[in-house]
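Order as written gives the chain letters A, B, C and D; numbering starts at 1 within each chain.
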Amino acid sequence: QSKPWDHIGREATPAEIKAWDIDVRPDFKGLPKGSGSVALGEKVWEAQCASCHGSFGESNEVFTPIVGGTTKADIETGRVKNLVLGSNFPQRTTLMKVATVSTLWDYINRAMPWNAPKTLKTDEVYGVLAYILNMGDIVPADFTLSDQNIAEVQKRMPNRNGMAFHEPLWKADGKGDVKNVACMKDCPTEAQVRSSLPDFARDAHGNILEQNRVVGPVRGADTTKPPVK
Amino acid sequence: AIAAGQATRARAAEGDPAILELPEHTRGLGRPVAERPYGLPSQWEANLQRRESPGLTRVPQASVSFTPLQGLFGIITPSGLHFERHHQGWWDIDPSKHRLMVHGLVKRSRVFTMDELMRLPSVSRIHFIECGANSAPEWGNVALPTVQYTHGMVSCSEFTGVLLSTLLDMCGIDRKTAKFVLAEGADGSSMTRTIAIERALDDCIVAWGMNGEMLRPENGYPLRLVVPGVQGVSWVKYLRRIEVGDQKWATKDEAVHYIDLMPDGTHRQYTGIQECKSVITTPSGGQMLLDKGFYNVSGLAWSGRGRIQRVDVSVDGGRNWRTARLEGPVLDKALARFNIDWVWDGKPAILQSRAIDSTGYVQPKINQLRAVRGTRSIYHQNAIQSWRVAESGEVFNVQVY
Amino acid sequence: AIAAGQATRARAAEGDPAILELPEHTRGLGRPVAERPYGLPSQWEANLQRRESPGLTRVPQASVSFTPLQGLFGIITPSGLHFERHHQGWWDIDPSKHRLMVHGLVKRSRVFTMDELMRLPSVSRIHFIECGANSAPEWGNVALPTVQYTHGMVSCSEFTGVLLSTLLDMCGIDRKTAKFVLAEGADGSSMTRTIAIERALDDCIVAWGMNGEMLRPENGYPLRLVVPGVQGVSWVKYLRRIEVGDQKWATKDEAVHYIDLMPDGTHRQYTGIQECKSVITTPSGGQMLLDKGFYNVSGLAWSGRGRIQRVDVSVDGGRNWRTARLEGPVLDKALARFNIDWVWDGKPAILQSRAIDSTGYVQPKINQLRAVRGTRSIYHQNAIQSWRVAESGEVFNVQVY
Amino acid sequence: QSKPWDHIGREATPAEIKAWDIDVRPDFKGLPKGSGSVALGEKVWEAQCASCHGSFGESNEVFTPIVGGTTKADIETGRVKNLVLGSNFPQRTTLMKVATVSTLWDYINRAMPWNAPKTLKTDEVYGVLAYILNMGDIVPADFTLSDQNIAEVQKRMPNRNGMAFHEPLWKADGKGDVKNVACMKDCPTEAQVRSSLPDFARDAHGNILEQNRVVGPVRGADTTKPPVK
């Protein structure tokens, strides 16, 4: 049924949709034609990415490292072993987590370099992504990534089988997976402290005295001093 | 000196100098109206600021600032203290140049100016927004000193805008094929998030108003998506585009972040709902009780699945519970303020609150959460918070179960 | 020049430059979190300020500044735009030196510091506050250009504080003799107002919180009385004293002002209640519709006697009416936001809104008000407001009945 | 019944109550002992009040005049005739309106002089009030106002019988005195403009264009120009 406000706004032109509709989906809908080699990618990376992410995508400076923590075995199984409980690997790098190569293409194209997003040419995005994938041993050094072969690359993503969909946490009317009961009296609890703030953290956020109101039922504790015993 | 001491004592017996000696403001002429055409808090309130958590993030344009819940009242968050989460910095966009495009699996695509959007039928609703990573640093152990840092990525405001369903209807979405929409921002990060079509057609708002005025720049001026009950990252700021589609997008912030690592090494993807949660804000970590005796224990509760039905409070580490008073209005997917009487006897105590929502879900204990999800999932930590009151009156962040 | 013109046309056909040429904020890095530890509105919102009405008062410390209702949304008034009414200027009082005294016909008098008050059981409630003189200049004829000046002495906030009844109970009021209380402020004017004991024991709040934070200095920091439903002057700011008594006080602001002159030359004294009222805020006086076609007509309604039950809107000067949508929550003695569809055909139109409250009272027309109260009573002008939309799209303040 | 918070706060001392309990009621409860002559009052007035209120309390500068508009006949009847509909008197002065002399004593003592409230001595308040009353011909020029004779003066207040108490506007559950009905169709109205904004008022509040948002369904009208016909 038509509404009295239906006339408001106007149709988008094809050029307008093209200018903004930049997203790329896991099925590669939205992916523009093009290609870029690892070699091209290395140049782009060194010039425009390495300052923040490090020469091997390993830098911690601005963000968790992009590369690292994946193995050839992971590429086989599509599950990153370092994510399993008990692993000693210290970081969760991007390549360890990401299941879909489209995500990286889309994100680099959309948001990187961080201080000049949307300035890369399409082929540069292919190239720099090829370089990242090469650093993760997902593609060889002489690889050229393109819209034609990206679906093949997807089959080598180390964590491609690592995602689970748990519908109850996606739907508003789902049921929670963790259950408590509303016990009111003599409830089961040790009622003892299992974890408390480490000493060094006491003033790691500044003096809490200065983060509370100067009147009221409480004051901020002076965390420049140890707690009163 | 002795005489002066005696005089002081005599005066003290007579009464409080703050009463006996009329202050300047009782004996003088104050400041004119509209001296501040846009007003600000008292100079005495400067301690209550939004603050970063040092070490949490590495660059301030891809970071968080936290709301000082320890000093707030009621359910409305002052917009000046609304928490911030930016991925590529915030902007103050010229609204006359801002556009919203709706396209994809629709009969006709649409471009709107702000002038056009603001002519459409609008709604005004109070909702909470919580970052999916709120309380995240404490999946493992206690790490943060105060409620500002443990829970300060939640806020609650009255939002005004057009229902997303109104826009989708205008465009004639294809009800057969349309399964998801993508929301995209206009900032550098051009944040993108997938929303299920049922959510999109339910209570999502394309909002320009927040607490009576326009959105603040830090919160997406001039347009943001409001996705009630869902984690803040989906409330795309600087909203420029809605695409209707038939598949999820697996964008960076739903394929690399905002995914919950389970003990078996899988990640749960698309876990948007902010489940029922509560926290006592007064007294809370880092505060000092001034004295023994009566206190009004006060806090906040919320649920992404509906209304708050009840909040219980324990002062003995969860052994015994009493039901708190809820202040009205108690609204769908909004903060609720609770209060309860407590007489502190000066002995150590452990304060906890436990919320129950309209679905009957009971806010879990941290060990119950961990039993299902481990300690590494980062997001959606909605455990009961414990505050230990020491004999000194100082309150400490602890985990008790 | 011709070539350039053609190029422009070609580009225009291709689309909107605001879309085709990605703006700086889509291609750059924005500003860091907590750059503004206490945030402010966008630079583009600077037109919306509280403003004085020239000529209304003679000195700016005993004056009024008005809330820009023409640009606000929902029911919560941004605290920075809350209207001001001072009689002897405003102050930013050191809260650690502020005291509240309760005395008079009580078993035991009481002095409270802010520390002590804020320990007491508190409530948080959303209420409107309206100056008794709001809309006053138009008891006679149209005098003011916009809704900021005709209706901008009304605001609505979430207040937090201790019920006055809790304090009075603590002091043990003498239920037999206690008939009234006097509320007194700590500023130069030491504003004093009489409140009936039934009001005082009903829903009055001794409030420190407003919209989640402390009261603003202009609104009485650190303590003000909230008297829901009653004109703003009774909401004593900088509250320092409550005296319980057995007679009315006939203070200056209840014996020389805030008295309503009737046609017979008597003044009605003690006329505190703000009766049911409403106003369309968009579109409203001084605004220009940009085009024919659909508009969301939006406004506010309130009643000092209870909840808003219904708001009707007319676009033909009161001949025919349709019932508007009310946005939730609709609360006792709070603003309610209404919205209604309207398609403007480009012809002259006269817009009116008419509110009905939970007692069944219907907001009157100005001629009905005048028939009972004349034109000189200054206070409590709650007539239906009329806005004339001219063919040009400009909206004018008119009286129509 | 006692409450767990009853211990909070403390009793006010007599000195504290004395310092703050300054209100004076119509029955003169709260009025301190003292007195002041018209002559004393004139001195106080000229030194501390006339600059704002004018030498005869007639100034419009900061406020409506305090004195004027009352007659000997009003003093007899206790009703100010100039308040009745049809009177030509241009102002409503304080003395025309106020029914209770206590109100003036209380207010002057509490709030005047405006820029230095609560600095007058008790006898000065009596005196300056005597002077105001004398300007209004309520007391003679040689009068000395005191706590002893103020009740007599009350009997001469020109508008002492001018107040009506209309309970429905004082009680939250009262019924309004003005009635409308919620007619929905073909309602009785002339539907014509009875009053509109005078031309001079168009820009008396500044340019309304600059008092509206720069986007939205409407703009502010440019009131530096006349309306478009």
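Heads up, the rule we're going with is that contacts are C-beta pairs under 8 Å (C-beta built on N, C-alpha and C of every residue); 3 or more make two chains touch, one makes a residue touch a chain.
Since the structure is predicted, the reported quantities are computational estimates derived from the model, not experimental observations.
Student: Touching chain C and chain D alike: which chains?
Tutor: B
Student: Report which interface contains more C-beta contacts, comparing A-B against A-C.
Tutor: Between the chain pairs A-B and A-C, A-B carries more contacts.
Student: Determine the centre-to-centre distance between chain A and chain B, using the mean Cα coordinates as centres, and give it in whole Å.
Tutor: 22
Student: So, what's the distance in Å between the C-alpha centres of chain C and chain A?
Tutor: Distance between chain centres, rounded to whole Å: 46 Å.
Student: How far is the middle of chain A from the middle of chain D, if each middle is the mean of its Cα atoms, in Å?
Tutor: Chain centroid spacing, chain A to chain D, equals 66 Å.
Student: Using mean CA coordinates as chain centres, what's the gap between chain B and chain C in Å?
Tutor: Those two chain centres are 27 Å apart.
Student: Specify, in ascending order, the residues of chain A that touch 2 or more different other chains.
Tutor: 5, 8, 12, 16, 20, 114, 117-118, 213-217
Student: At least two partner chains per residue is the criterion; list those residues in chain C.
Tutor: 16, 19, 26-29, 44-45, 48-49, 51, 59, 71, 88, 95, 101, 111, 115, 118-121, 188, 190, 214, 222, 240, 290, 293-296, 341
Student: Is the chain-to-chain touch network here best called a line, a ring, a star, complete, or other?
Tutor: Contact map by chain: other.
Student: Chain pairs that touch, all of them, please.
Tutor: Pairwise, the chains that meet the contact rule are A-B, A-C, B-C, B-D, C-D.
Student: Would you pull the chain C residues touching chain D in the complex into a rising list?
Tutor: Counting only chain C, the residues touching chain D are 44-45, 47-49, 51, 53-55, 58-59, 62, 68, 70-71, 87-88, 101, 103, 108-112, 116, 119-121, 141-146, 148-149, 166, 169-170, 182, 184, 188-190, 192, 196, 198-199, 202, 229-230, 240-241, 243, 245, 247-252, 255-256, 259-273, 275-276, 282-283, 285-290, 295-296, 304-305, 310, 312, 316-322, 350, 354, 356, 359, 361-365, 368-369, 371-374, 376, 380, 384, 388, 390, 392, 394-401.
Student: Touching residues of chain C toward chain A in the complex: what are they?
Tutor: Chain C residues touching chain A: 13-16, 19-20, 22, 26-29, 95-96, 113-115, 118-119, 214, 222, 293-294, 341, 343.
Student: Within their complex, state which residues of chain A touch chain B.
Tutor: So the residues of chain A in touch with chain B come to 3, 5-6, 8-12, 16-17, 20-23, 25-27, 29, 60-63, 79-81, 83-85, 92, 94, 97-100, 102-104, 106-107, 110-111, 114, 117-118, 162-166, 168-187, 189-198, 201-202, 204-206, 208, 210-221, 223, 227-229.
Student: Considering only the defined contacts, which chain C positions touch chain B in the complex?
Tutor: These residues of chain C touch chain B: 16, 18-19, 23, 25-45, 48-52, 59-61, 63-65, 71-82, 84-86, 88-95, 97-99, 101, 111, 115, 118-126, 158-160, 186-188, 190, 208-209, 211-218, 221-222, 238, 240, 290, 293-296, 298, 327-329, 331, 337, 339, 341.
Student: Spell out the part of chain D that touches chain B in their complex, as residue ranges.
Tutor: Interface residues on the chain D side: 4-5, 7-8, 12-13, 15-16, 19-20, 114-119, 213-217.
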